[in-house]
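The same chain A turns up in both complexes below, where it pairs with chain B and then with chain C.
For the complex of A and B:
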């Protein structure tokens, strides 16, 4: 088990984070090259003011007409995304491992809070799954990859929850947790999970066009 | 009178037993009462069985003494609590905080020797 643990927390972690950050950088450069080649005039009306105005409205729950039209979806997606980001980054166990490796850490959440946030992420994933199945307009645009991506995102949280509570097969569950987290990190730049990077850019572009060209609001 | 003495003796022995400090041979976990708000169950550590299995004879292998950042090889600190030196939050003098000291003493040694528990829940076992 020492060899497996050393492998997943050592080389595999390096590979996962290099592919994550390198992949995000690659996608950003690739996007900028694409825009420059196909629609370079976009750069002429990009505006920091209209970009931030759009991002601010869309990052606030119920800050847009669309959020207000779908209150349940709004609450679930905000709770899901906030917990998805905050729980792993501010988990005490993660901060400890980081500090042991790099010599510095950061403040972390009480385990009880992270535990509830994990449950919120899992519940959100179940909500999105059921929504894809029962809502005809969503099912129509759903492909197998959407289910796979949902599983990829849910897996680190499900395995983390089981490992934290030591429900069964603790050692293997922790290895599964680490590996599934690495799979998720690597999947982010190279799948539709790249919206983590692209969503603010899409809003910046749309906000700039609506603000500077159409003289309308985009929320 | 004989009965009275017996009862008195029984009470005395019971009192001694109940209030006796945790002897190393009875130790099954590392006490975590020095933490304001411990987040995990105390780490499993059966002192004598561990040291027998690990072949540790010298107390100061774990009960170390550092003076001005330097390990003092011939001294040991088993009469002190870890928290007597290691504060809950790290100080500026480079002394590891209490949790870092525990993890450094146990987990780091296990990692280096590739033997013994290294995953969170292997030590912090839930009852």
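For the complex of A and C:
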């Protein structure tokens, strides 16, 4: 057990973070090269002002017509994404692990808050799952990979929750939590989860076109 | 409403699609798809496909989706799924039947109005993706017959309507003569080098709406504008090749248009009330030719009339009495931000302006643009059924008093005319030019 734990928290973690950061960097550089090679005009239309204007409207809950059209989806997706980003980064256990390894850490959330945020992520994932099944327009464009991706994202939170509360099989759950977290990190650059990196860029380009050329709003 | 949008099981046969499909093999399809997807396309295609999380939030943007009782096949993302996703997944190895259906989807179930780009949280430009598929359809020679005919016309005579070189100046002189009955000193100056403005129109104006040229000439004359029209090819600003994915012809006719203006040494090109032509000369053609913005400033009629009115060059004698409502054409509003000026103009010209909702950037498409109406009679009923939501929107404006519908775009005009008729709305559809001509101060004849 110790050997497995040592292995997943050691070499596997290194590999996961390398693939995560390296993968994101690779996707970004690959994208920029592609733009430069085939659609260099994109650079000439990009505008910081209109990019930020567009992004700002869309990262505000109810900041756009479409967010207001889907109030439940809006609340869930914002809560889900905020908790998804904040809970793991500011979890006390993670900060401590990091501090033990590197000698410095950062302020962390009280465990109760992190616990609730984890539940919000899990509830959000369940909502997305149900939405995929019951909404015809979503079901029509859903493929197996969409369910797999949802599972990949939910898994670290489910296992983390079980492990933290030591509901059962604590040690195995902990290993499962670490491995599923690593799987998620590695999946981000190489699957549609790459929207974490690309969504602000597509938004920025559309915002720039709408603001700079089309003189219209895009929200 | 007169026609419920529910009768669509019947198969529509389009000779253009069928003739193209008849000669196709899967090898040929695969080669063309890969040429476009791997060769011609770049970062946008890749990122849009890789980033889409299949959330379906674009659905409510689409008038086809809304008009078909939220049938999921009509949502914007579903149209990408039924075309590009499959092509990419199967590495271009798709059947002839698949391409037949793809051609139908991209040409007759999407107006490229880009409303969905405003509803996608990531701002994915689905209209661009539809254009990628239209490009594939074009290269496979299976573009719907009627729109292909207009593209042929562009290629052969540099205008959309097979107007022959002698018919063009002839029509202008005929309209000049007509207008001189009203204003004896009126001229339609042809080939006047160094004029301030080159006035350009779309092919259908000389073909069957010559009175619009008459009206424009009266407005120009009364306003004392130093203007001209070319007597040569290059006068037509319209562009169906842009909508068939025939970028080569599109670029060629845009070049001819800009070069004609350059030859006449005008400062600006003012264009009539057309939307897709605005898109082609303001946004698309210039890019193909390597210009970030058009090489010569392009002024849409809305902007031009606004300018004339604000500068006091034309004056309103008596405001238009009948209550009007404004349709915001996608290409000049979502594509040019002219909705504010359109409203200023409407309020300056008319006594009562009733808004329709949603409006401005969020207005529903006319369902004619993007080359859909140009796919001709075989697809007419499908187009009308696909925009029931527009009929509802117009009916609502009518209930609140609107009797005249101002649509400052030719495609919108024709499409709305069909909706108006099919759903028995009884609205009178007009251009801004019609209203200005009616209400402006004119010299005593």
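FYI, the second predicted complex is superposed on the first by the 219 of 219 C-alpha atoms of A that agree within 3 Å, B and C clash if a C-alpha of one lies under 4 Å from a C-alpha of the other, contacts with A are read in each partner's own complex, and residues count from 1 in each chain.
Please note the rule applied: contacts are C-beta pairs under 8 Å (C-beta built on N, C-alpha and C of every residue); 3 or more make two chains touch, one makes a residue touch a chain.
If you're wondering where the values come from, they're calculated on a predicted model, not measured in any experiment.
Enquirer: Evaluate whether chain B and chain C can sit on chain A together after superposition, giving fit or clash.
Expert: fit
Enquirer: Of the two partners chain B and chain C, indicate the one touching more residues belonging to chain A.
Expert: So, of the two partners, C touches more residues of chain A.
Enquirer: With both complexes superposed on chain A, which partner does A:146 reach: first (chain B), second (chain C), both or neither?
Expert: A:146 contacts chain C only, not chain B.
Enquirer: So in the superposed three-chain picture, is A:203 touching just chain B, just chain C, both, or none of them (first/second/both/neither)?
Expert: second
Enquirer: Just checking: does A:35 make contact with chain B only, chain C only, both, or neither of them? Give me first, second, both or neither.
Expert: The answer is second: A:35 touches chain C but not chain B.
Enquirer: Touching A:68 in the superposition: chain B (first), chain C (second), both, neither?
Expert: Neither: A:68 stays clear of chain B and chain C.
Enquirer: For A:194, is the partner it touches chain B (first), chain C (second), both, or none of the two (neither)?
Expert: In the superposed model, A:194 contacts chain C only, not chain B.
Enquirer: Just to be sure I read the superposition right, which of the two partners does A:49 touch: chain B = first, chain C = second, or both, or neither?
Expert: Touch partners of A:49: none, neither chain B nor chain C.
Enquirer: Could you tell me how near the closest CA atoms of chain B and chain C get once both structures are overlaid on the shared chain, in Å?
Expert: Between chain B and chain C, the minimum C-alpha distance equals 36 Å.
Enquirer: Using the superposition on chain A as set up above, list the residues of chain A that contact both chain B and chain C.
Expert: none
Enquirer: Quick check on the complex: what are the chain A residues that touch chain B?
Expert: 2-3, 5-6, 92-93, 96, 99-100, 110-111, 163-166, 170-171, 174
Enquirer: Which chain B residues qualify as touching chain A in the complex?
Expert: Per the stated touch rule, the residues are 37, 39-40, 99-100, 103, 107-108, 111, 114-115, 118-122, 125-126.
Enquirer: Which residues of chain A touch chain C once you look at their complex with the stated criterion?
Expert: Residues 31, 34-35, 37-39, 41-42, 44-45, 54, 58, 65-66, 69-70, 73, 135-143, 146, 192, 194-195, 198-199, 201-203, 205-207, 209-210, 213-219 of chain A touch chain C in their complex.
Enquirer: Using the touch rule from the top, collect the residues of chain C that touch chain A in their complex.
Expert: 41-44, 46-48, 50-57, 59-61, 65, 70, 72-73, 75, 77-78, 81, 117-119, 121-125, 283, 287, 292-293, 333-339, 358, 361-362
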